[in-house]
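What follows is a group of structures, each given as structure tokens.
Both complexes below contain chain A, partnered by chain B and then by chain C.
Here is the complex of A and B:
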């Protein structure tokens, strides 16, 4: 356990030394600034627009963090062959996977929490500028939505680790993870759309397509499940059962991927 | 000091750039004003293509629609039927992406019912809002008003207005509005009550400007209607509009800010040939 944590700490330190962090922070700050300047163009729902833009900015920043920094943290060892050095230490390959995952997640979480602080300041500023248009806004629901943006990136981190354990180059990991993310974030809409289409024209849909869709929902992570931006934007009540369900879904999906990654990585040969 | 070729090259390029940029923007302005109406991706696809950012996409599309209408009006071009259909489709997509978003409903009732002569479309959109924004009395109020003023469905209208009156936060006068609506019937004064409410809602300058202009038109119509009523009680007949001035009830016929001519509708309401929309 100690070995895992110290590897996580090293990975975290390596992450925060990355220069692209400044770029990502700038992007996020730009989006928050854009929010402030755009909010006045709307008529009534300025609170909704603010929450939408803040949560989207956090998601975009998180994606950049995972894809530009996170993937490198994992793949650099393999790309540069320093993995041989690391694995010569008293550290099993499974421990290596978990240590790297925790390090990347620690790094992504700390960075996103800092950005979430900036985001809250933006919301606070706009709320004081347009107090009459923040009727339904609730800080609690906003923070819950932010927390689930984090959960989403814990799952995405596990996806990255999984593909890193399979592939030999960071570019392929990037392509696979990006593909998995885009598919995961849209899969829900596609599944429900097809289901309503199926209901509308029952006889035309083949059994195999039905099975295929069913299989997809088990394999791909449903990233839309972690999205509480609609609730945060309009201050709609949150069901604690739903929060718990989504949280356990995210945790279990990540754990399964990490265990698979540990297994694959343990049997892998490096040359 | 020795000059390197990139320095004059850069200078030349910058000068050319400064010359070219305004041209490009002017061309774009021209192109945009000539575009009949935008194409909007149906919501079943845009929900997928938003990649999880449905909220922001709805905000963006709303701004785009509002800018489209604003662009037409600042270029002095009237909205065509095709333009309004684009607005309806856009508002539909926006409210599919986020059915809780209030602004598209405000826009729908403010423009579709009043300027585009599409109160049914406005009400269809408003119903979507009423189903989702269950706490928002304004949407029921708007729908009730449209039913009353544009569609003359008084029974259903009263239902919606009463529903709005019972919701928390609704204006105190709503409860008595039903009675007043019945008294004034389809007269312009009814519309003034409603416009006042809309004006309090609209923080956007474009929308505000339009509503203020309409309020002025309605105030003028009310002025004429009042004089008309007075004439009717005195003389027992409906006069020509010019008679109101001749008899001294009005100093002059107040102008229609939209540039139309006033006339008396069969139901006694004073209306204008401009239909309270900018004349083509």
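Here is the complex of A and C:
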């Protein structure tokens, strides 16, 4: 366990000292600033727009963190053969996978929590400027939505680790992970559409395509499940059963991916 | 006792679809004895790094067996006792040397106090104390090489595997590493290393394996190239006529061409006879050497024979 935590710690330090982080923080701060400056244009929807924009800004920042910094924290080890040095120590391949994952998650979580603090200040400021339009707003639901943005990036982190364990280049890992994210965000809508009457009237959608999509919904991560922005924007009550279900899904999916990654990684050769 | 034993190991790389397979190592067998410095030399692409990677468990041999202290290789167990320096150590850019060594110590199961003390001792020896808090990305190639050596030696391993340890080092850095290897040897550590710098191999190694196209061509002891049939005195002569060559050989001397002149091996018991003959023939002795053939000469000769 000490070895895993040591690796997680240096991975975290490598990530948090990366200069790209300043750029990502600036993008997020720009989006929060944009929110403050344009919120007044939305009249009655100021509260909803504020929550939506803040959660979107956090998601964009999280994606940039994972794709531009997080991927390199493992893929660069393999690219640059730093892994030869690391694996020359008494550290198993599985420990390496878990250590890297924890390090990346620690880095993403700390960075996003800092940005979530800025986001909360933005919401607080706008709430004090336009108190009449934040009637249904609930801090609890807002923070739950922020927490599930984090859970989404825990799963995405596991996806990145999984593809890093398979491929030899950070670019390929980026392409695969981005593909999995885009498919994971949209797959729920595709499935929903296929179940509608409109889709039933569509002649071009074959049964085999429907079966294929049904099958890949079980394989791809359903990132839309972690999206609670609608509830946070409208102050809708959250069902604890659903929260627990989504959290369990995220944890289980990540653990399965990491176990698979450990298995693949332990059989991999490093030339 | 043998620390490491490789028996008939082979490795073939598959570079991908429609590409020819590359046989990197073929039926390679040798052993590294406890407390010795074993050097593996060979031209580029000979299979030296592949051999080291198989030893470390980074790649699996296609055939054959590797034993560590008589037991089949189990990577994590071996790694507790070995330190490894790769050819070009790529370290973490945003960490400093202290953090890197702390990570190394923790993964090796050391306590913080020992890590700090041992780290400081190694950094002092390798002249890195002043830069220990600087990010590793600001290190020069030679400094990275020395930092890699600290990383390899922190847990005080009994077996040290060094892949081109002198690569990228200036003369001062080379001297530091040379002294360190000699010190490790005097402490009874087993050292296995690959190098292109034959002068270093010649000075450091007790035994040398010459590998070419994945096969071990020759395994020789230090005496094999320093001495010639027990002879330790070698004179360089400017010229020798065929009569003089026969005369020297009649008196028990051995000769071979050496550059534009000749090298004469003088057996101890025949020294006076040969010396008198050289004086009588008024032959000019232009110098003397401490070895019959340099490692470089042997290396070239064996590689040419193999080709």
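Everything that follows uses one rule, which is that the second predicted complex is superposed on the first by the 259 of 271 C-alpha atoms of A that agree within 3 Å, B and C clash if a C-alpha of one lies under 4 Å from a C-alpha of the other, contacts with A are read in each partner's own complex, and residues count from 1 in each chain.
Please note the rule applied: a contact is a pair of C-beta atoms (placed from the backbone, for glycine too) under 8 Å apart; a residue touches a chain by one contact, two chains touch by 3 or more.
From a predicted model like this one, the values you see are computed outputs, not experimental measurements.
Superposition note: with chain A as the common reference, chain B and chain C can be accommodated side by side.
Of the two partner chains, chain C is the only one touched by A:80; chain B is not. Within the superposed three-chain model, A:41 lies in touch with chain B and out of touch with chain C [touch as defined at top]. Looking at the superposed arrangement, the partner reaching more residues of chain A, out of chain B and chain C, is B.
Working from the superposition on chain A, the chain A vertex angle toward chain B and chain C, CA centres, sits at 150° in steps of 10. Shared-chain residue A:2: touches chain C; no touch with chain B. Of the two partner chains placed around the shared chain by superposition, chain C is the only one that A:14 touches, whereas chain B remains out of contact. Think of it this way: put the two complexes on top of each other by chain A, and the tightest Cα contact between chain B and chain C is 33 Å. Chain B contributes residues 44, 47-49, 51-56, 58-59, 62-63, 66, 98, 100-103, 106-107, 133, 135, 201-204, 207 to its touches with chain A in the complex. Chain contact summary for the complex, chain A toward chain C: residues 2-3, 5-7, 9-10, 13-14, 17-18, 80-82, 84-85, 87-92, 269-271.
Across the complex, chain A is touched by residues 13, 50, 53, 56-60, 75-77, 79-80, 82-84, 86, 88-95, 99-100, 102-104, 106-109, 135, 148, 151-152, 155 of chain C. By the touch criterion given at the top, residues 38, 40-45, 48-49, 51-53, 55-56, 59, 130, 133, 136, 182, 185-186, 189-190, 193, 223-224, 227, 229-230, 233-234, 236 of chain A touch chain B in their complex.
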